[in-house]
Each structure stands twice: as C-alpha cells, then as structure tokens.
Amino acid sequence: MSVFIALAALGGLTLLLAVMLITANRKLFVYEDPRIETVEDMLPKANCGACGYPGCRPFAEALVKGKALPGKCTVSTDEGRQSIAQFLGVDLGREERQVARLACAGGTNVAINRAEYEGIRSCQGAALISGGGKGCFWGCLGHGDCEVACDFDAITMNEHGLPVVDVNKCTACGDCVVACPKDLFSLQPVSNRLWVACKNLEHGEAILEDCHVGCTACGRCAMDAPGDLITMKNNLPVIDYSKFHQTKDPIQRCPTGAIVWLDDDGTPVKGKDSRKIIRKGERRVGSS
Amino acid sequence: MLKKTLHISSSPHIFKGHTTDQIMKNVVWALLPVVFYSVYAFGWNALLVIATATLGSVITEHVLCRLSKKETTIADYSAVITGILLGLTLPPAFPLWMAFVGGALGIALGKYIFGGLGYNVFNPALVARAVLQAAFPVAITTWHPAFLPDRFSEVASSVLALPLMQPQYDVISGATPLSAFKFEGYTTPASELAFGLVSGSAGETCAVIIILGGIYLIARNMMNWRIPAAVLLSAFLLSGALYLVNSELYPSPVFMLFSGGLMLGAVFMATDMVSSPITPLGLWIYGAIIGVLTIVIRVWGGLPEGVMYSILLANAISPQIDRLIKNRVYGTTPKMKAV
Amino acid sequence: MTNNPPPSAKKITSTDEFIKGLWRDNPVFVQVLGMCPVLAVSNTAENALAMGLATAFVLLMSNILVSLLRNFVPKQVRIASYILIIATFVTVTDYAIQAISVELHKALGAFISLIVVNCLILSRAEAFASKNTVSKSVLDALGMGLGFTFALLCLGAVRELLGNGSLFGLAVFPEGFQSWIVMILPAGGFFTLAAWLLVINALQTKKA
Amino acid sequence: MNTESLGTIFLNASLVNNFVLAYFLGICPFLGVSGKMETATKMGGAVMFVMLISSVCAYGIHAFLVVIDAPYLQLISYIVVIASTVQLVEMFIKKMSPALFQSLGIFLPLITTNCAILGVALFQTNKGYGLLESVVYALGAGVGFTLALVLIAGLRERLTFAEVPSISKGTALTLFIAGILSLCFMGFAGLGA
Amino acid sequence: MSETVNIASQNPAGSTKMLKAMVGIGVLSALLIVVTFELTQPRVQQLKAEALEKAIFEVLPGAVSSRTFGVNAEGKLIAPDTEESPVSLVYAGYDSADQLVGYAVEASGQGYADKIRILYGYNPKQQQIIGFQVLESKETPGLGDKIEKEQRFLDNFTALDVGLNKEGNIANKVTTVKQGAKVNAWEIDGITGATISSRAVGDIIGSSTEEVIPLLFDNYKMMETPKANPKKNENDDK
Amino acid sequence: MSLFNFHKDTFKHGIHPPESKEETRGLPIRQFPFSPLIILPMEQHIGAPSQVLVREGQEVQRGQLLAKAGGYVSVPLHAPVSGTVRKIANVPTISGKMSPGIYLEAFPFSTQEVKEGKPIDPDTATPEEILQGIQDAGIVGLGGAAFPTHVKLKVPDGKTCETLIINGVECEPYLTTDHRVMLEQEEDIFTGIKYLLKVTGAKQAIIGIEANKKDAAAHLEKHLPKDLPIAVKVLPVKYPQGAEKMLITAILGREVPSKKLPIEVGVVVVNVATTAEIGRLLPHGRGIQERVITISGPGVKKKGNYLIPVGTPLRFVLEQVGVEEDVCEVYMGGPMMGMAVSNLDISIVKGTSGILVFTRKEVSLNTKTYPCIKCGACVDACPILLNPSQMGILAKFGAYEEMASDFNLMDCFECGSCSYVCPSHIPLVQYFRLAKRAVRKKEALQKEKVNA
C-alpha cells in the first residue's frame, strides 16, 4: 500500500514541478550571453562560493565579462581552468614578443646618492622627496617597486640595487612601466638588441660625477652608426629600430657604456672603449 | 663641511613626543598597581598566575617572530600587556599550565594569525580568556576568596597542577559577587566591591585602583577617555533604569559598575586601540554596545558575567561602526554613504 | 601542481582518478567543500568516521546512477534530477543508520539528512559523473568519498583526543587528564579545521 | 508540548544557537561570500527570504505527508520542493525586475544547496513548530545567518589590509575568525530562557 | 543551477523528454525509498523500543517490563488501547513478580543551551522519585552536562520526596538549592559550576511532578498489576 | 554652522607643535650678501614655466626682465642682480626635478641699483591694470605655495568677494618672516591691501594674526590707515591655522566646500608678505628680486631673518650663516610642510619662506616605525576631519582609489598634523602624497582615454 502512496505522491510531485519549471522556462525566458552558459558548464557547479561570487553562474558571468580569472575557482581542476581560459581566449597573439627594458645602468656601484632617503621603502615614495636623493635625477632609485609590481617574478634586484629583467619570464604586461616613477621601463620587441641604458638629459661630463655610466651626449655612437640609425635628440642617442640591423658597432666607441648590446638573456654588453667598472661596493659621495 | 650626504625625508620634520612603545609602556605602568593589589589580596597565587600568563605571551611572541623570520617585537610591550591583562582576568588559583597556554593562545590566535600588532581585530587577552573559558570551564569559574590568612605562605595545589592534568582544589571556592547575586540573590555592599574585599579574578576586584590607572593614562593622553566613559555610562543608565523599574529583581547600578570585570574591562580591555573604532562618535557607540550587552548578559543571560563576551562582540562589530560612522569631512555636507 | 591532461584525453590511469580525491584534490582540505558536516559531526572520531562513510556511500551510489542516466537526463532538468537522486540515497542511508544503531543516528542528528545539500556530492555528480563512464565515476566517488572521510577523521581524531582525552571512545591519556572542552564545542571545530589548513599551507609553502 | 514563546524561538535561532556559529549550517556560503561587505548583506537578505519561503513550504509538505502517512518522503520532497520553488522565484525575479535580480536573485541558486535552508525546514519539523512558530524560527535563523555573515565580512574586509602571515591567509583565517566569533556568541547562552 | 537560457531555442520535444526524465527519476526514487523504509522499519522500531525500555528500567530500578499509558487533554490517565489520542505518555514499570515498581515520566524544559528532555521514575508507594535520566540535552560539555554524569547529583534522585498533602497536591515543590545546602528531602543538591543546568532540572521535575504526580497517585491502584488490564502494550512483546 | 560656536575664533582639531620662534622673532630683517653666482629655475611657481628672454653672455641689470610669463597661470622673472648670463641650461630644483634655468654671474662691484618700471598708482589704476601689474611684477604666493597671485585675485564671473583676509598667521614653527614683515613693513602692507581691495572689490580686509605675535598685531593696529576698512584679528595659536581654509573658518566661521576655492564663500586670502611685496613693488613697477627668509634651526650658527636675492644657491646661504658640523637635514620652508633638500646646489626661489637646518641629534629621534595601532591621535589632529589612520593602512596596501572615493583623500592638504602626532611614526603625509599623485595620474589617464 505505502508503495503506491509513495509512487503516486512523488511521481505527482515531480510531474507537477517539472511542468511548472518547463512552463516557467518558456514564459519567463530572458536572453543572456550564450557564452555564460558555456562557461558555466565548464565550471564544477558546486556553487560553493569559494571564488567570492555567490555561485557558479555569477562567477561565469564575471568570467565572460572579464571581471574575474578562472583561477579563482578552487574546486575546478587545473585542466578545467585552462579550458575556460582557452574558451574565453585572452591570448591575442602578438607579432613579436615584447619584453620590458630598463633604461638605466646606474647601480649603487657606479651612481651616487646625494642624499640618504628615509621613509616609505618604495621608489614612488622616495621620488616624492626631492626626487629620491639619487645624484642623477633620471636614474633608478633602486627600491624595487618594479620587483613588487611584477606578478611573474621576472624582475629581481641585483646586488647593486638595479632591477634585472628575466627575459624568459617577462610577459610584457607593462606593470613595471607603470610602477617606475622615473619611467625607466618600456616594452621593446626582443629583437631590439641595441639599447640606450640611460635617460639623463644633461650634456657634458658633469653627469659622470653622479654616475659613471651616464650618457654624456658626446654623440660618438651617432657618428659611428651607419646611416641615420642613431640620432642625438635631447642630449640622448635615439635609435631608429626600423633601420636597425644586427650590428654591435655603435657601442664600441661609447666612453661610458651608456649604449649597450643586449645578449640573448638580456645581459648588457659594453663596448671596448667604455670605462671598466670593477667596483663591487657602494659608490659614495666624494669618491670618484 | 657641506660636502657630506644629507638626509631627506618627508614632511613633517618634527614629531610629538611619545611613541607607540612608550604608550604601551605606560599602560604597563598603569597596570602595575592593579597587579600589586591583586598580589596583596590573593598572595603568591595571583603573582604566579599573572607572571606565567605574561611569560607565555612574551615567549610566544618571540618564537613566532623568529619563526616567521621577522625582528622580534617583544620590545614594544604589547605582548606584556596581553599577558598581564590575561593574568588579571584569571582566577587567582588558576593552574599555571593553563595560564601559560592562555598567554600563548592570546598571542598566537589573537594576534599573530591576523598579522601582529595593529591588525588584531579582537583584543588578544580576551580571545585567550574566551578560549580558556570554553576549554576549562571549571578551572576558570573556581574562585578563590581574597585575603586568606595563608596567602603568602602557601600556594594553592590547583595552581601547581601538572600540565594537561585536572587541577585539584583544596579550598572551598568563594562565589563572586555577580554569581552570588545571580544564583543566591545576595548583593555585596559597594564598599567591599570598591576595595576588592571579594572573590573574583585576580585583577578585577579593586575598582578604585583600576580607575586610578585609567585616570593616569587619560591624563597622559594615552587612552581614549570616551570608551570607558561610554561603557560605564551606558551600563549605569541601563542598570539604573532596570533598578528603578524593579529594585527587588535587579541590582543597583552601583553594584553593577563595581562588580565583576566591568571596571577592568572598561578601562583596560575595551580601550585596546587596535580593536576599537576610531571616530569619536564611533567610540561612544562602541562603548555603549559593551555597556548594554554586559548588563543584558548579566541580567537575562545564562552567565553571571558578560564583560568579556561584550567586548569581543563589540570588537567584532567595530569594523561595521567604522564603516558607518565617519567624521564629517571639512567642507562636505554630512551624508551617510551607502556602501 | 601537476600537469594532468583533461579527463577527455583518456590518459589518466584509474589509480589517478582514485588518488586525486584522497590528497591532491582533497574535497575538504583543498577544495573546501561540504564544510557543514565536516565541522558539525567531527567532535569524535567515531562520528566522523560514520559521517564520512555515509557521505562516501551516497556519493558512490549517486555517482553510479548519475553516470548511468547521463544520456537520458536532458540538460535543463539535470540539477533537479540529481538532487532527486541524491535525496533518495540520503534517505536510504538515513534509515540504514537508524537500523544499525539508534545511538549513532542520534549523534549524527540532522546532518545525515543534510548530506543532500553537501555541495561535494552535487559537484561530483555535475562535474564528473555526468560526463564520465560508470567505472570512472565509481573510482572518482571512492577517491573523493575516502578523501572526505579521511579529512573528517583528521578533524575528529584531534577534537576527540583533546576534547575528551580519548580516541574512538578509548581513553588515551592517563586518568585525571584535563580535557579541552572547547574542542568539542563549535568553536573547536572551526579552530581545528583552521589549524589543519595552516599545517597544509605550511607543508605546501615548504614544498614550493 | 510546546511552551516556547515566539521571542524565545527567535532569540534561540538567531543568537543562542546561531545557525552558522553553533550549528555549522551554511558554512560554504559563509566562507565564500563573506569577503565583501556588499555581497554579504545581499546574500544575507536573500537567505532570509528563501528561508521564509522554504519554511512555509516545509510546513505545508509536512502536513501533507502526515495526511498520506509517508514520513519517509520528508527529506526528498523538502529538497525538491525548495529547490524548485527557489528556481521559480529566481526566474520570476529575473523577468520582473532585473535590478532586484542583480542584487538578490543571483544568490538564489547558491542558496538552494545551502544547508541552512534545509536545516530550518528539518529542525522546525523536528521541534514540532506550528506555522507561525516556523516562520519566526526561519526569520530568526535568517537574521542569525545574516548577522554572522555581516560581522565576519566586516572583519575580513578589515583584514584585507593587514599583514596576515602567508600561512594563515585565506580560508584558515576566516575559520579562525569564525571560531572566535563562535566563542563570542557563547556569551548569549541562556538568553531568553 | 539555472536552466533558463537555452530553453526557448530548444525544440518542443525537449519538454517531453524533460518531463519523462523527471518523473522517471521521481518514480525510481520513490521505489527505492519505500523499499528501504519497509525493510528497515521493523528493526528501527525495535531498536527504538529497546532504547526506551532501557531508559525506563534505568529510572525504575527493578522493573523488567513496562506498559505505556497516555494522559489525555483533561489530565486523565488513559489506557493505551483506547481511542482517545493522548497528549503525553507515561510508562508503568513492573518487576519480575509483575508488581508495579513505579512510573517513568518524561518531561522537558529550557536548559542553559537548549531544551533538556529527561525521564524520571516515580514510586507511588513511597511517594518518591526513585530514578532519573537525561534523554536529550545540549548542555555545555564539562559544565552543564554534569547533570548527566556527576554521581553526586544523580544521587539526589534515589529518594526525592514528592509526597502529596491532604488536598492531593504536591506538599513541597521540588527545587534545586545551592551545592551542599540540601536540608529537606524535596530539595535537589545543585552543582556549582552548572548552576543553571541543575536548576533547570529542578524546575522541570518541579513543574512536571506538580502536574502528573497527583494524577498518577490517584490512579496507581487501578494499574497495580498488569493483569488488571489484560491487553498489553506492544512494548512488552519480547 | 552652529557647531562652530564651540570652536570660536578657530577651527576644529589641529595641533600645537613647539613654536621655536624665540630665537629669530626679535631679529630685524637684514640684507644678505649677493652670491657670485645666481641660479634661476624657470619653474618657481605653480603653472607654466617662465620663458627665457635673454641669451647666454648677455649683460642684465638688476630688475630687468629675464623671462616672460609662459601663459596666464605663470609669471615673469626679473634679474635679482646685475650681471652676465653665463649659461642657459637645466638647473636642479627642490623637487629633484631638473628645470630649464639661467645661471647669472653677478658683477662683483656693482651698486646693484634696481631698474624702475611703469608705476601703478593705487588710487587711479583700474583693477585690470593692477592685476596686470601684479603679474608683471612676478608676484606669487610667498607663503610657500608659490601660486601666481594675479590668478588667485581674479574673482570669477558670478562670484563676489566680500572679505579680503590677509594671512599673517605664520603657524609653521621656526618661521618668523611674516612676523618681521608685519613689524617692519606696515606701510607696504597697507598699500598692498589698498591694491587688493580694489582688485577684489572686497568691502573689508581682515588681518589674521596668531596670538604669539601680539606685538605685530598691536603695531599694525596702531598704524591702521583711517581711510581703509581694515581690521586686525588676533587668533589663538594653533597649527595649521595658516592654511587658507582653516583661516577662513577661524575668522569667519565658514567652511570652504570640499574641492572648492575660498571665493566660494566670498573670501580671498592673501599672505601678508605677498601683500607687502605688492605694496612695495607696484608703485615702482618693479619685479621681485629678493624676499625675506628665516634661517633657523638647531644646526644654524647665525640665525636670523634675511632679505635674500631670489636664485641665491643654498650652499652660499649656508656658508654665509655657518652651520654645525653634524648637519643632517636641510629644509626649505617650515618643519611641518617644508621640503627636505637633497642637493645644496639648488637655489632660493620666490616661494622659499625659510631655511631650516637640523643636526643628527634632532633627526635621529624619529627613525623606528611601528604598525598603526589605530590610536586615533591623527583623527583628533586632522584639521579637515579626515581619517588618516584608515587611509594610512589603505595606502600601505596601495588601495589609493578607495582612499579617494571613500575617505576624501583629495581634500588632504598635507599639513602634516597626522604624522606629527602619530606615535608609530608612520609617514602618513608621504603616503597621502603618493596616493594623491597616483589618483591624479589615473584620472589623467582616464581623461586621455575618453578624449582619445
């Protein structure tokens, strides 16, 4: 007897609910981006809320709108996350890979600090206080804002307080470009090997007091360079990469090593005429 | 002469005298009389308990700093305060091993996991106390009478209970004024309360000394006077109103203010700056929440004492207070920002 | 962590399906799923074990059924159907436990019924069983179920040990042990799970 | 049999035996959605709403099951009816008021699998509450849930700006806070007795 | 969860399929549940009955069999076989000689944390409570749950006076007093540290006895032996 | 407004740093020697840099125009000494930034006579003429902000100026330039006010002076000209009363709306030294060549108030007055808002009101930073009632936008009261500057995007 009651009750109940849902589905239909549905299907549908969104569907909506990253879902597998990322296809496919390049070579071994900065340990903070105390106004302050800003661990500060970009890890996201208060970073195609590692706009040897590797705007590189590959603008050499071909010649006569050739892994190579810097320790005011 | 490297730093270039560690140190100074009095009233037991709790806090702070490879922060006195405050809220005959565990928990659970000083959202001493209360309900509600004649010659056996072992109590425990009232309807006279001639936690019995410590800190501008004022005022008003309604059923407001941990809580616990709101109005509201909740729990709740829970709850509410109560910024019209 | 190919690639061995739930994708420690019973009935090791097994059973059965019916159920009523299936097995389990021991049923309380809304089960049904063969689903359910049971046991053991001085009801500490009552209170549940997560975090940071 | 006043029921469900902090119900959303104040309040509101609906539904079903004498169908019919009702409500809101849907509706699907909802339905049946009592009980549970959620959201929001040690970041920290809050709520024990 | 989206674009045949699937699963579920229920029910009932009987025998030392009586809305005792539906239940326990040992009465009330459900044994001859057991409580472990465990407290209930006065009411209402302050036979010696819980027990017994004892005392003669009423409760079927 | 009755004659909150003015307040203004080399950056003021009019090698006379205004919000620059233009190149400035500038070599034995220009008669000139005259004289706010004064004085259409407030508060510790100016140049001040009243159309002028300069107040009151509606108001001593908004609240009890200018409440505030300069220069049609500067601080040997030519290098100044051996930090401006100097080759500019030298001893006091304990001291100090504590925490974690949207970050004017009282020595002001800069940068970027 109870079997029939149960069958009738539950069967009836499910029938009723199914009919209700189906009619509701038709009557109350609202159009939505079909991608949301697809992404939602790719999610585990645990509706656990661990992603910070109130369920899988809102999370899917956020994913489609680009407001969230698939990695936020703790329940899904790595593969699941990847397939979502692939579906949403953020990878634009650039013609040539770009990397961040630093236009300064003035580490603590070659550049002096005129004043000792005290305060928030960040370049942005230091830059507010009389420019940060570095002798060269344009130079790297060395507090490592770029290192912090880099989400991919591609930037590390070397022993002279100068950031070094790991070319292989760099994704050219541009975070370091924004982070640097002195605007020393820029995104460059990897093939651009000839590089001016200085930004100071001073003319003449005076800059050498502040930094041994500063550009004195002597113009020798421009003179040596074939054609108008290099021109002097605002006391700095400007390289026209459109005319660029793989030659190390321009670096050879630079007396300071401000213009360099970058190795495959981004290590700068100086010309043979540049001053050899052997100092390991910190360069102080007064010493030369 | 003018060749040397200058220093550069952000304005302003002058600073007012006292620093954070000085504030902390002064809180310790203000607490010392309370400690002395509790030792006077409860003898070696109290001294041992307070010292052990403090030791637990300081050692834990040191060890955790080392473990996370940071410079040790015991020199800022905040761990000492946590330890002393915890010790003061424990019964004088509390087993030492539990006190030590409490001190350690206060730092680890109440402070370290949140990021250390400045980030603890709850008062660490009270977190420790709450955990102890839940873990060892018997030990923490077994009160020792004050001014026992042998308090300087003997140490209670429960104090020296072996670690992880149940303590044995050798003295018939006394009832605190609050439990005496709650369960027996007996009201302890105010004079006894004010001078701590009653059973209770090591440090909560003598209201007068606590008030003096508070006045010292307020006078040195190292404590926000609004919190104790708000706590005591709201507790007084609510219990006063109840007393007026039915003086048979409800105790007098004076009894409420001077009994239990309200005074210690209002002056030294609720005023923990980190876990309290920041705007003046927010502080008043925060204090009032503590005062009202304390009375509500004491009068209608199942527990005789509610100060600890009230302060912890108010700690939990204080981010909300900070969110809703903001100063009206100069040159703006006051409006509630719907966040 | 690992570079397992997606399930459709069919390169995963059966052991992988089984193992992943135990540790790598442990439902409690890694995915933080199904927390309610984890916290609520882990006050003793015995309860934890019973709860874990009950959940594992429901998970197994519903995974099988869902996997069997996966081509029959249209997408739109999938969730509703799955809930029906899960609820059925939970009811079955509920009566089975009652028939085994009234005491145990009393200890687990309403949480047996609440297995229905354990997001672990629904998520496995949705994410795995509805897309995979029966045999794979069985392995997945077993792995996840045992992983869940294991996590529950981890909690239950610690809580019972400290809160009661015993393990599976057997006294571990000598006479006179002061039990830490907070551990069997709700707060203790939160603390123990948090502590386990701390331990796992610490292990992972060490590894990395 | 039932001597509890409505006030006691409410106090019990919201404070003394808080659903989240004492009964561990609704932990998943509690852990997940408590990161931001804004989401927390909305979630709380939505949960309260669904609790009321499901409480009434459960009362009706229970009465029906008593009539046909099939107590064994209790669980399955509760969950199915609650799930479907919530879904209907969701669709209805979506159609009628997109604004309301954005602020409340999107929480609804998550709530279906929230143990607190089913918990209310089961407990009210176990305790043998009448319709009015059930509703008050559901309301109390909802208020308690929201309270816990809002408190923890505030604390977590504050702690996003803290130097939390790396090992206690994330769920562990939330659980610790929940534990401490759970201790705090023990202070309410005995209220309304 | 939400299946709202692609419905409109589906062909109508989908609806039938959905319907079929839902109902099919529903019927399957119902079958499974009913079968399980039918299979387990006897054993579950038996286990429950055993548990209850065990509790009854515990609070009524010496009892070996029991019968269930109801109390109706007018406060009259009714036999188990009558049509009237009882408001609450009372269990009578008999010793091996089929002599009435006493009644086991269930009572409940608000404790510290939640409701406390207890069972106590009443001996009408001695007019005493002779046994006590907590059926269900959520009292704080270590403190409030001493009412279940602490022997000194349980000893209160071996001979707790619930004697009636001339008017047929309880002469002295059962109350809990402070630990160590018990003077009279009708007082319960409380537990320090579990004051509220032990008082709650006192209150529950106090109010329950005031209601039930006079009734039971009036009627106990009628049920002195099980033979007075030949039809036995199913609880006795062993 | 009623609330402010409780704060009569002053504003809410604020601090009381030690005044440290005793040593210099009694010292009369003295002429400073001319430096052999004058360095003049073109960016001495807020706004567009001045544009150089001279060439290298050219000889100029003191007071001659060296550079013209680079736009409306800009002022010209006059030669502070007679000499030769040696070089036109980048010169370092206090901000650390290099700015185009002029190196001027002074004639060693010149009489340094000042060139006369076209005088502007206070009685007959039209407001427009006066405004033009003020710009031509190169006058900027001498209180420190160096905002071109003529821009500030231009009352926008639709607004009226009721009250002219002359700011003689000088709330920064150590500084006594305004104090001395008020004591010594009352005639110039009153002439200046005459110009200003005419330009702004204000009905009255109030000179606000803090109670620690009662002598100056008494002096001015004694010499008040009968024909001008001028009042002197003595205010309680409190920092930062010299800030425009605070001063307006203190004197008139009105609040300047957030992100708005004082003209919104019908007020124009002009610094007393600027007023004196207007009164001194305009009748002769000259431009600014020098200004009064307090040189003080524990590291200075010959403290005092000096009249120093603009462009004098800091190194020369310090050599002249002599500094202690363990000099550690040098500031331009007061100790609360002044900027630390990293390079002594920078020169005095028009906005420099003081030079302070601190030795190792004073500076080492404040090194250790503790975490914020939310003591609320900063909240009780902030004159614009912000929540520096919360903002400091947000800034530490880089939540700049939240600071701006929820905590009125942009209203902060960096007075330094919060940092001054902070027991944890959190560099709050620096954080806020950082945050403000980041927010502005972001806003600018967004604007660019919208326009693009």
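Per-chain residue numbering starts at 1, and chain names A, B, C, D, E and F are given in the order in which the chains are listed.
Definition applied: a residue touches a chain if its C-beta (ideal position, glycine included) is under 8 Å from a C-beta of that chain, and two chains touch if they have at least 3 such contacts.
What you see is a predicted model; the values in this text were computed from it and never measured.
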**Message:** Considering only chains that satisfy the touch condition with chain C, which of them also satisfy it with chain F?
**Reply:** A, B, D
**Request:** Specify the chain pair with the maximum number of C-beta contact pairs.
**Result:** B-F
**Message:** For chain B versus chain C, what separation do you get between their C-alpha means, in angstrom?
**Reply:** 41
**Fill in**
Averaging C-alpha coordinates per chain, one finds the centres of chain C and chain E separated by a number of Å equal to 34
**Fill in**
When centres are defined as mean Cα positions, the distance from chain A to chain B in whole Å is 48
**Complete:** Among all residues of chain D, those touching at least two other chains are 28, 31, 72-73, 76, 80, 84, 87, 91, 94, 109-110, 112-113, 163, 168, 171-173, 176, 180, 183, 186, 189-190, 193
**Prompt:** In chain C, which residues are in touch with two or more of the other chains?
**Reply:** 32-33, 76-77, 79-80, 84, 87-88, 91, 95, 119, 122, 181-182, 185, 187-188, 191
**Message:** Give the residues of chain B touching no fewer than two other chains, as numbers and ranges.
**Reply:** 4, 6-10, 109, 116, 118-119, 131, 134, 136-137, 302, 322, 339
**All pairs of touching chains, each written as two labels joined by a dash** = A-B, A-C, A-D, A-E, A-F, B-C, B-D, B-E, B-F, C-D, C-E, D-E, D-F
**Interface residues, chain C side, partner chain B - complex** = 173, 176-178, 180-183, 185, 187-188, 191
**Message:** Quick check on the complex: what are the chain F residues that touch chain D?
**Reply:** 371, 393-394, 396-397, 399
**Partner chain C, residues of chain E touching it in the complex** = 1, 3, 6-7, 10, 14, 17-18, 21-22, 24-26, 28-29, 32-33, 36-37, 40-41, 43-44, 47-48, 51, 136, 140-143
**Prompt:** Where on chain A is chain B touching in the complex?
**Reply:** 113-120, 125, 128-130, 133, 284-286
**Asked** In their complex, what parts of chain D are in touch with chain E?
**Response** 1, 3-4, 8, 12, 16-17, 72-73, 76, 87, 90-91, 94, 109-110, 112, 189-190, 193
